[in-house]
Structures are given as structure tokens and as C-alpha cells.
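Structure, as C-alpha cells:
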Amino acid sequence: RRRGYPEAVYCEGKSPDQLRRIATALAARPGDAATIFTRADDVRAAAVLEVLPDARHEPDARLLAWPPGEPDPTGGLVVVVCAGTSDLPVAREAELTARYLGRRTELVVDVGVAGIHRVLARVETLRAADAVVVVAGMDGALPGVVAGLVSAPVVAVPTSVGYGAAFEGLAPLLTMLNACAPGVGVVNIDNGYGGGHLAAQIAAPRAGGRMG
Amino acid sequence: RRRGYPEAVYCEGKSPDQLRRIATALAARPGDAATIFTRADDVRAAAVLEVLPDARHEPDARLLAWPPGEPDPTGGLVVVVCAGTSDLPVAREAELTARYLGRRTELVVDVGVAGIHRVLARVETLRAADAVVVVAGMDGALPGVVAGLVSAPVVAVPTSVGYGAAFEGLAPLLTMLNACAPGVGVVNIDNGYGGGHLAAQIAAPRAGGRMG
Amino acid sequence: RRRGYPEAVYCEGKSPDQLRRIATALAARPGDAATIFTRADDVRAAAVLEVLPDARHEPDARLLAWPPGEPDPTGGLVVVVCAGTSDLPVAREAELTARYLGRRTELVVDVGVAGIHRVLARVETLRAADAVVVVAGMDGALPGVVAGLVSAPVVAVPTSVGYGAAFEGLAPLLTMLNACAPGVGVVNIDNGYGGGHLAAQIAAPRAGGRMG
Amino acid sequence: RRRGYPEAVYCEGKSPDQLRRIATALAARPGDAATIFTRADDVRAAAVLEVLPDARHEPDARLLAWPPGEPDPTGGLVVVVCAGTSDLPVAREAELTARYLGRRTELVVDVGVAGIHRVLARVETLRAADAVVVVAGMDGALPGVVAGLVSAPVVAVPTSVGYGAAFEGLAPLLTMLNACAPGVGVVNIDNGYGGGHLAAQIAAPRAGGRMG
Amino acid sequence: RRRGYPEAVYCEGKSPDQLRRIATALAARPGDAATIFTRADDVRAAAVLEVLPDARHEPDARLLAWPPGEPDPTGGLVVVVCAGTSDLPVAREAELTARYLGRRTELVVDVGVAGIHRVLARVETLRAADAVVVVAGMDGALPGVVAGLVSAPVVAVPTSVGYGAAFEGLAPLLTMLNACAPGVGVVNIDNGYGGGHLAAQIAAPRAGGRMG
Amino acid sequence: RRRGYPEAVYCEGKSPDQLRRIATALAARPGDAATIFTRADDVRAAAVLEVLPDARHEPDARLLAWPPGEPDPTGGLVVVVCAGTSDLPVAREAELTARYLGRRTELVVDVGVAGIHRVLARVETLRAADAVVVVAGMDGALPGVVAGLVSAPVVAVPTSVGYGAAFEGLAPLLTMLNACAPGVGVVNIDNGYGGGHLAAQIAAPRAGGRMG
Amino acid sequence: RRRGYPEAVYCEGKSPDQLRRIATALAARPGDAATIFTRADDVRAAAVLEVLPDARHEPDARLLAWPPGEPDPTGGLVVVVCAGTSDLPVAREAELTARYLGRRTELVVDVGVAGIHRVLARVETLRAADAVVVVAGMDGALPGVVAGLVSAPVVAVPTSVGYGAAFEGLAPLLTMLNACAPGVGVVNIDNGYGGGHLAAQIAAPRAGGRMG
Amino acid sequence: RRRGYPEAVYCEGKSPDQLRRIATALAARPGDAATIFTRADDVRAAAVLEVLPDARHEPDARLLAWPPGEPDPTGGLVVVVCAGTSDLPVAREAELTARYLGRRTELVVDVGVAGIHRVLARVETLRAADAVVVVAGMDGALPGVVAGLVSAPVVAVPTSVGYGAAFEGLAPLLTMLNACAPGVGVVNIDNGYGGGHLAAQIAAPRAGGRMG
């Protein structure tokens, strides 16, 4: 375990049966370790809930957490930003991951570079963050714009939202790697978990000795 | 010749000798056709100027025009936008092409999505345009932002400016094809000539019968 | 809203439920804004029609419009060209988009570069256009040929029609970006909506002051 | 040796020294085998000519042949087609290869899909061919158009002519593989030698027994 | 129609309904034109057979021909070669296409470069051909080996057979374009129809005047 | 200026003349803004030093800073890690950037995954960091290994070091995006400046209110 | 047959019917040749078992062997290593292949570079191997780490496990080809059979004369 | 050091100065470790020879060894195979690496799949090998053919020899990964050192206990 952070079980490649077995093992050692299940579709979520009925299930984030309670927040604020409906599952996965790692979070939706005023209207929230997670598909231009507006580190999460020349997330991935504003760190396509995790690490409370 | 538009000679693949021969042929039939020489480095430009000493040479756009005079402008306004030093040669090639096709032009430099206020400061100019050419390398995010601010068509020109995951212009090309705002038409990487040409066609005066 | 243009709802990534909710919101503010629903398969179209039974549904274009009436046409003529059956849904999406943005349109089908005489037989129609949308998959050669025949701007829409080395539309996309005739602006693969939108903007009526 | 066809020495990767040694070996067994040297720049050509001063050197095709005399033509006619200056070296390499393999050839230049009438003006010549080699860079659309006009097989040679999204010949290569007209066989990028060789094989005289 | 060759209807993108309509149109003008339906799965084949019950159906080639009778063979011999079970549908499509274009054909299966003796055992058949179609997936090495053994032109058809780094046929496609033996023309991935068509054109009877 | 951070001038695309002009402008407003010049080869560095002779020049990092003095360090510690000689310029660029943004830094060289004990020998240093920058080319495996050993955020900088299937840095870039340990943010290939900048932001002193 | 090695039947592209026919042919010549069926899902496995009811079926490896008995082991030890659940099918395919080729095998699971201590804990086992097969998806970093720890040859098998920028196994494939430690040979993505086969050949008993 | 194997210094990215320093360090601890310098062009080789004048220099392999003496051979035979002139540097690098790792080697040149009889003529030599290294560019078909002829493991080394669709070695790399015969392990493009190293490990003398 990493500094008390919860373990994550990536459900996508696993059968309901395998998940039931993992859940059973967890149930056998309560208090031991918080666990979050990511990328759980309805069938897989049901398998986990069969064994751990009190687990918290957030279908829009395709995520379950067990035990269900979030830790008391410490450290700074993580703001998660995305354009809307399609990127929401990834954004919510990032947000909940950061929460279960112990950060306060805020979610900003419905901002996109095609309507730049909507981004600007949220600048205050963005500037309050200790780490910003920007989730975007298609042209992936949002993280670079946000990074130009804030001085906190920006974690950019490209998504596979889009079609044609979006090439399953390749286009926003490349855009983010080439963001003109410095201060952007990129994670894998659709990797809301990784983005939330990195942001939570960035905004973690720091040991006294290291502070300026 | 296309509706009285000048011919273009693409110099990059041609030897100084071949260019001298082309220039000599032009000199032999004056009044016949205006011609612009694109992508002419210093050596190639010198070869053209040897034969056509009165040609107009714009080194920053790597372009020569002969005869040197621009046509009297008709139609609408073409605004060309870019971020700065590195994209300037392509932007200037676009601007001069539009001019030699008979349009009025304006050039807006030093705007980039990493400093979104600089874009917003120029909105009035952008909105005065009948066609906007946006030239950008690296993340190529600018055309999508501009298209969200104006109702005129946007011609997006990706450039090979950048390094690493910019992949010689592939990154901005994909970004532009995935621009979230509608109304963006993309041309080839570094194709300032093509971008200026398309914008000039869009802003061309229209025959009476077709107007609304 | 962009200069009175209708809003577009991209249905592909949305659940019937989400679409019903969007439609309900629209129904609540009639007269406010025209809306077109794009990429709606039968199930999604049914969801929209449940809430907005008078919406116009064009299954071959996978499109719905509400309110159903087209605006009175202004501006110039948009001609949409494609090779046939497989590209038709994208071509029809482009055509109807241009119509709902207020342009007159004409659709030319069954032309392809492998039978060049069929293209030439339609030159008169092509030359009557203020903007031409050329939709093509596989080799994507048609827009370049058309651009050589007309002086109006050409909007090129590559499609994912084809197999093998067509690589889901990559081949026609590259062909169009490399078209030898200037005056071609390319949009994303299968992006009939974007192509029709851009063409409608190009052929839009122009404010008096800007005309030549 | 293949049915009396000359050997080819590909010069690009070889040092002048290595070429001198190969030429010396050839000189030692005259009458034995005709040889063509392909992709020979000035320095490499000079090295070959030092040893074989009577070799025929065609700089525009970057090719040398020894002994210099072409074989008496047999079989059918190979027509080689290209758009102009930049594709000419590859086209000429194809033509001379076909000649040294024993075919009659004709070279058609200055035809391109952006000016389709120029192609149509040469249809008679194209239809006289037993095999057509079409050489094209950038959009690579010409072979598909030609194949739609003739019933003889078309050998398509993509070239690295172009820039940006031409990706060193990838764009025309894909276009040719996706040509809508059947009857097109594609060879490697810039492979004039291979294209001329294949065309010469196609147009070769056939043994009596196999004919229809 | 191309020199009396049958028309081809590519079924993959078409609905059973569309196919029934095409078949009905054909039935209405008998004697007019032979037609082959390619890439017809069971459902689509049934749709065609509903309207044209006497059509010949070859399920292993996913092909139907109507009217069912093959033309009397003229011209030379087309030999089609492949490694086995997985490439067979494409190979059979090539063979039947060549037959319906009027060529004699022979099919050689179960040869592959991993067992080079099996190729060598069939050299006599290969050398009897006027055109050889080599169909191969995975490493795509067979056409190059065959081309080194025969002097007739080789038409190489890469297939999507394979997995992983075969990248849906990209690997054999590249191999074939880089074949070390000259005399190989490549068609699109899985394009058995195109391969058979090209081979049939190569082996077509030649007009007297053109022969050597 | 971003929160007092120095401006950066990217020298690679600029001529010595352009750099002299930029340096002159800086010299004219001393005390105004610290500036670092990145990617300066010997010729470009000389141009800057002509105008700003007291600038600090670090040739191994291809970087100049003016005024030469580093700010007094605040915030946490940035540790920069790389494998050796070839990655050193990028690593040093990252280190000096972090220093000029006001962080303490430590550089760990000669660690690589092929000798895992060398990484383990430095774990204590790695764990003392508030942000770790890991610079790696070829297989790019080091950031994932380091991220598994520390709880501070890891900034991964892929380099173009390598050959063949390293594809100019694509291989390590993909490796880093797929790192199995969470907590890795990736920047562009060879982007030492961006990596150092992001790490400096992560390790920046935090405003009291945001701390846990 | 290769030196007494069993034949392999790749089931993925074959219909249950084709598999029944192959199995029937095998049953007809017992004692002749051992055969392993790879990539057999439940339906295909059932088809084989219908005809060869005594075949050994290992569902987790998607493999069947007939006759069921493993040969007596000769030669050295093959150790197969992987990270866990998702890579297990490929790892087990490799292990069983090596066993049916006559090698002793050991399977090491649950080691990954993100927890380097777990790899180090198994060094003794790894060093006992005459050939190590390392199976890994996502970042594919494990083979390079293992190769740095052992002197036996390492066979690296990339898997398609992962998402986004793993690009169906491309990322680990490139990582493995760029492994910094020498002594790594790579096979195709998901090719457990090939990896096990190569390892078995490496660890095969050597003829006396060749030994050092 | 790996089991007494010599260290390798990869010279390509290093300056003559850096190499002189490395050589000086080696000279200071003679008897300590054999070293081979790979990818040394003339200038870099001269730098090494300045400090270590008795080093063995093999310019055709771009390699130096110090001390110059080869170890007494142990273990089995490594046969290195390639097609000719262009692949020779890589093949020789592989051969000499295997020699300095203590293996007997044999070099077979002038075999290629386009002349399959030349491969077959060398089968006896190939079958005598305990490990075969096959070096090939362009279509990269040779390793698969060789693997079908021998039962020893084949190490495949793709080279960047070729042009156009060879894509700097990508084509042969993919071919080799898809080789139809099992028993092929692939290394990086142009990686003669890695190929020779792996083959030497495969053919290494085995500790008694592990033998069958």
C-alpha cells in the first residue's frame, strides 16, 4: 500500500466471478485496506455488491468503494474540469479517486474551448485549486487553456470521446502533450483513475520539513 | 487560370535553373498572367530575381510576385492570425496569397491559447473578417477557439512548428480536424498558400444573382 | 447560439434517456431555438420523437430537426456531391444541415473519379454553387477533381467507407489534405454536419459593407 | 537472370568504390549480361562511367545502362504518365527500365487530376497501351482516374513528392491502394524501376500456347 | 462496362433491402450485363437469391454471379496461390473473379514460406501462369518468393489474417510493397476481387497489332 | 508572467539575429523579469552572450539564464533522475528550470532498469523528493519503477534517445503513459523545460489556506 | 514436423466445423503426431472434444492437447513470468506449449515493475531458468528488468492487455524491442504459443558435439 | 558485468571526447574487463584508437574490441545470415559480438528470398547452428524462411535498409514479428549487437545440472 492510499481493482478485464473472489478476500480482512473498484459496468458492479452489499456504488463513474466512507479530507483542493456529458464518466472517476485518496474536490462541467467565456466564468474556482484535472476528448484543447489561467499544476486526461480523426483519443493525447502553456502532466487516454490519483498526490498535505 | 487568379509556382522541389527557365517563359508573355512563387529560399529567390528583377520579394513569406503590383482589392476582408515568430512565415504566405488573389487582409500576431486574453483582445478584428485564416503549430488549439468567437468561416493551417509529439505537424492537424466549434476547414500542414487561397475564394465578391 | 444558427445535439454517445431529457428541455422553451439531432439511429430517433412527436425525422441522414420547418433560404447555393449509396448518409447529413442553416441546396449523387465522365456531366450544377461539399470515402479523390472544375470553395468530407488500407477514413482524409487543386478545406471523417455547416457559412448572405 | 532481363544494381546504398568494383566485374564478362544502374546520383554515376565509359547515362532518370544499346522492342506498348517536373525522375526511371526490358514506351507528362481535361486530351495514347505506369505524389489520385479510362492494367507508382500530410509518399500510396477502379497494381514509393519492370512483364510477348 | 467485363456489386455496406432492389433492376434487363456480387454473407446472399434464384452462389468465396454461367475462357492462365484455410475466401474470390472475366484459372493451396518445399513442389504450375495472384496474411512473404520463381507478373493480395503486429493486414501489405523480387503489383487488403480483376486484365487476350 | 516565474525563450527555431533582438529588449528593462533561454546550441548561446555577457550559460543543459543568479529556494525538493550520458542534456534542462523557478534540486544519474540495484541504491534520495522528474529514452521504463518506490508525484520526460523502434521517442512516451504505478504525469518528448517546470509547480510552497 | 515437436492448430479463425474435420483427420492417424489446439474458446474447444473426447483441455490457456499426455521432460528449465490475472491466459499458453515440446516449466505470477521487490523476491527462480518467458501488457517493462537480472535468454511476449495508449499491445511491443538489457528476443503480441515454442527450443537438449 | 561477458559502449550518441575519456578509464584498469565499442564511425573509432592503439578495429562492423584478443570459443555455433552489401554492417556487428561473447561463428552472405535456391544451397550450414541470426531489411522475409528450415532458435534482426514503404525498418520488423514459422525472436531495428548477444546467450555452454 502506498502511504495509506486505497488499493484499486481495475474491473474491465475481469469476469464477475473473479471479482466476487477478490471481494470475498477483502471482506475477510476488514479494516485492513480501503479499496476502489474502477471501470465496473452494471454486471461487474452487481458481482461486487453481492459480496460487499454496503459498498458505495457510483454508476456514473463506473466505480465502487469499500468500505463506503470517504476519508476525512486533508491537503489541498482538487478541481476536476470537463466539457460535458460524454467526458463525465472519466471526470467523475477522477473526482471520486481524489476523494478516496483524501482530498476535497470540486467538479466543473460544461466548459469547452469552443465557448471560451464559459471557461473564463469559472476562473475563480480554477484558481482556488491546488491541482486541476482537465478531462477532454476530441481536440483536447482545454488543458492548455486552463494551464494558461492558473499556476497550480494541471493533470490532463485525454478521452476516447470523438470519432474519425480523434483516433480513439490519440488526437487529444497529442494536443495535451503539445500544450503551449507549461505545467501540464498527461496521463493515459480515459485514465480518470490515474488523473485523480496524480492530482491527489500533488495536493497531498506535505510533511512540515519540506515546506517553503 | 482560375477566374483570373494568379498562377503559383511551388519552388521547393525545383532547381534554380528550372526556376530561371520558368521565369524566362513568364517574361516572354507579359500582361498574360500574374504569378506568385512560393516556398522560395534565398537561393531560389535570387534565381527568379535574376530574370525578373522587378518582381516583389517578401523573404519573410518566402514568396515572390510578378508583376509586383497587387490587384485592387475586391470582395471581403481576410484576417490571418498566428501565435508568433515561428508560425509567421506560413501566416505571411497566407496573407500575401490572399492579397494577390484580390482580397484586403489584416494580420494578427502574438495570440495563443496559453494566453487567452490576447485572443479576446482581438475579437473585434476577428469579427470584422469575411474569412479567418488561423495558423498554428504544436497543440493547434487556436482555430477551434477562434471559430467559437466568430461566425465567418475559419481556415485552419497546421504548421510543423513544435517537436517530439508534435510529429511534424500531425498533432495540430488532428486537433484542427477535431475542433469542437463548427465552421473550420483544414488544409495541409504548412500550406499557407492553400489557406490564403481558400480564404480568398470564401471572401470573393459574389455574383449578384446568388446573394441573399 | 451562433448568428441564429440552430443548435446541434450529437446523439451517438448519448443514451435514449439523456436524449429524452434534452428534448424535454427544448419542448419547455419553444420558439427559443431550432435544434438538429445528428447521428441518431432508430432507437435514439424514437426517444426524441416520443418527446417531440412533430420533429422532422430523416432516417437516411440519421437526423431530426425541431421545430420541423426549414428556414426560408437566404444567401447562395450549396451543392453536395457524393459517389453513391455508402456515402449517402453523410452527404444527406451535410445537405440537411446546410438547409437548416438557411441555404438552398442541391444533391448530386453517383459521380466518382473512376467514371470521370459522370463528374463532367454535372459541371454546370457544380459551377452554379457558392460552396460545394464533396463527400468521399476510399481513395477520396473526388474533391480534388471537383476543385479543379469550379472556382467556389470546396468543403471536403472524408468518410469511413472502404476497407483495408482505407484505414477507417484515414486514406481519403490524407488524399483530401493533399489535393492538388487549391481551394479545398477538409473536415473530420464522416463529419457531414460540420461539412454542411461550413458550406452554409461560406454561402451565407454577406453584410453589405463587406462586399466588393 | 530472369528470362533474359537485364540485372539491376541499386546504387543508393553503395559507395563509389563498391560501384567501381561491380562495374569492373561486369567489364570482365562482356556479352554476358546487360545491366542497369538505378538511383545513381552524379558522384555514383561518375564512378560507374570511370570503369564503363561507354555506358549510357540518363541523369534525369538517375540511371545508367551497359552495354548502352537498348534491345529491339518486342511485345506491347508501355505508356508512362506523370504530372510534371517533380515526378519526372521516377517516371523516366520507369520508362527506361521498360525500354531496357525490351518494350516500346511513350511518356505522357503534365497531366494531373486538378486539370482533368489534360488527362482526357491524352486518352487515345493511354488506350493504345498494353500497360500503363502512372506516377504520382501528393494526393496520388491520377492512377484511379486513368484506370477508369483504359482497360489495360495500370501500374501505380506513388512518389514522395509533396509535404506535410503527404507523409513521404504514404498519402498517395494509400490513395492508390484504395483506387475505385479495378485493375490497379501498386508498387513501393518512388519505385520507378519496379513499376517499369512490372509493366514490361505485363506487356511482354506471350508464348503462343497461352494466348486466347 | 469495361470491355465486356461484368459489373461488381460490393455487398458489405449494403442492406438486404438495397441488394434486393439492385437485383430486381438487373432482372429487369436480362442479357444486358453479367454481374458478380462480392462480400456477400449468408443474409445478403439470401436476399440476392430471393430475386435471382438461378444466380450461382459460392459461399466459400462470399460471391454470387448472375447469370450463373461463366464465359468461355480466352487469353492466358491465372494461377491463384494461398497458404490455406484462412486466406481461402479471398483466394477463391480472386479465382472466381478472374473466371467471370473470362480467364482459365487454377488454385494452389497449402503453400507457405515456412515450408518452402511446398512452394517449390508447385513451381511447374506457377510457371505455366500468365499471371499469378498470391494471397497471404501475417508476414505476407509468399508473393516475393513466388516472384523470384516465375517471370509472369505477380499480383499480391495482403489479407487481414493474423493478429497483433499484423495490424489488420498492414504487415503483409508492407512486406509485399517491399518485395525484393521485381514484378509484384499490390492491391488493397482482402481485395480478392481487385486481385482477380487485375490478373484477368494482365492475362487478357491481346489485340493482334500490339503483340511482339 | 506566471506567479513570478521566469519567462522562457525557446531558441531552437530562432535565428541568432532574432535572439540578439530578444536579448536587447531584455537588457533594456533590467529587474523586470528573469528569463531562461532553452535549447540554445553554441551559435545561439554566443548570440545571447554578446548582448547579455553576464548571463549564466550551462552548455550541458543548452540553457542560459539572465540575470545569472538563482532565486533563493522555497518550497520542496525536486529530484531529477536519468540513466546517463545521452539523457543528461534533458535532465539538466529540467533541473536548472526547477532551480530558476525557485526549488532546491538534486540530480541522480546512472540509474536504469537494466540494473535495478542502482535504482534501489538511491531510494532514500528519491523518497526525500516532493516531486521527482524521471528522464528516459529507449524503453522508458524507469518512471514506472520509480513511481512504485515513492509517494511523491513523478513527472516523466521521454527522450528521443534510442534508435529503430524507439521511433524518435514514441516508444518511451507510450511506455510512460502506460506506467503501471499511478502517480505519473507525462510531458512531451525531450521537454526537459516542461518537466522541470511542472515539478517546480508541484513542489511550490503552498498558500496557508489550502493546506491540510 | 519439426524435430518431433507437436503440430499446432490455431483455432481463432476456424469454424467449429473446420475444427471437427481437423480433429477427425487426427483421430484417423493416432500415434502419428501430437497436436496442440491454441486459442480455442469454449465453443471451439467443445467441437474438438466431440471428436477427441480424451484430449486434455486447459481452459485458462485456451488450449487443448492430443494425445493428452505430456512428453517426458528433457533439456533445461523454462520459467514463465507474468504480472497477474489479465496476462495469465497468454502466460499459461506459453507454459503449456513449452511443456508439450518437452521442457520442464515453472510459472511465476504476480510480479510487476510497479512493485519491484516482488520481482526481486523471485530472482532465484528466474536464475534457475535456461530460458525465461516474460509476458507483459501495458508498459511492457518487465522483460527488460528481468533480463538485467539473469544471464539466460529472455523471450518477451507483449500482450494486448491495457487500454488507450497501449494501442492493443503496440506500447509493450515497442518497450520490449527497446529493452536496455541485451538478451531479449520479442515475439508477436499475445503470442504465448510462439513464446513458449522459442523458449523450448532455446532450452532444448543439445547434441553432444555442439556443447562447450 | 553479466557472467563474464564484455561491456559494450554504444558510440553513436557520444562525442569523440567522451569516448576518449571512457577509453582512458578502461586503460587504467587493464585485465579488468573486455569492452567492445559499437556503432563507431571513423571519427569515433580514431578517438578510441588514440587512447587504446592496440584495440582491434573492424570498420565494416563499425566495432572496436579491447583488449583485441577474442576469448577461446565455448558453447555452440552461431551462424549469421544476410542478403548482401547493405545488411552487412549489421550482420558483421552481430557476428563479432557473438565472437567476443565466446562463441564460434560463421557468416553466410548473399542469400535472399527472391532467389530461394541460394538459401537452400546453404541449408547444411544453417542446420549446423545452435543459434541462427538472420539480418534482413526491405521485406524482412528471410528469418521466417530460415526458421522453417532449421530447428535451432532464430534471432531476427530487421534493418533500416530499403526505402519508401520500408519506413526505416518498420516493414521488416513487422514481417519478422509475424513470421509463420515458430522459433523466431526479434530484436530492435539495426540492432546487430543485441542480435549477436542474444544468439551468444542461446548458444552458451550450459551448466551440467540443467541439461536433459
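As written, the chains take the letters A, B, C, D, E, F, G and H, and residue 1 is the first residue of each chain.
The working rule: a contact is a pair of C-beta atoms (placed from the backbone, for glycine too) under 8 Å apart; a residue touches a chain by one contact, two chains touch by 3 or more.
Everything numeric in this text was worked out from a predicted model, so none of it was measured.
Repeating the C-D interface with over half of its contact pairs identical by residue number, the matching pair from E-H, B-F or B-C is E-H. Each chain's centre was taken as the mean of its CA atoms, and the one lying most distant from chain C is H.
Between chain B and chain E, the centres computed from C-alpha atoms are 47 Å apart. For this pair, chain B with chain H, the centres built from the Cα atoms lie 51 Å apart. With centres set at the average Cα position, the gap from chain D to chain E is 26 Å.
Residue positions 164-166, 173, 177-178, 188-189 of chain B are each in touch with at least two other chains.
Pairs of chains that satisfy the touch definition comprise A-B, A-C, A-F, A-G, B-C, B-D, B-F, C-D, C-E, D-E, D-H, E-G, E-H, F-G, F-H, G-H.
By the touch criterion given at the top, residues 2-3, 5, 8, 73-77, 130, 151-153, 155, 173, 177-178, 182-189, 193-194, 197-198, 201-206, 210-212 of chain E touch chain D in their complex.
Residue ranges of chain H in contact with chain D, taken from their complex: 85-86, 161, 163-166. Contact residues of chain C toward chain D in the complex are 83, 112-116, 119-120, 138-141, 144-145, 147-149, 162, 164-167, 170-172, 174-181. Across the complex, chain F meets chain B through its residues 12-14, 18, 158, 160, 168-170, 173, 188-191.
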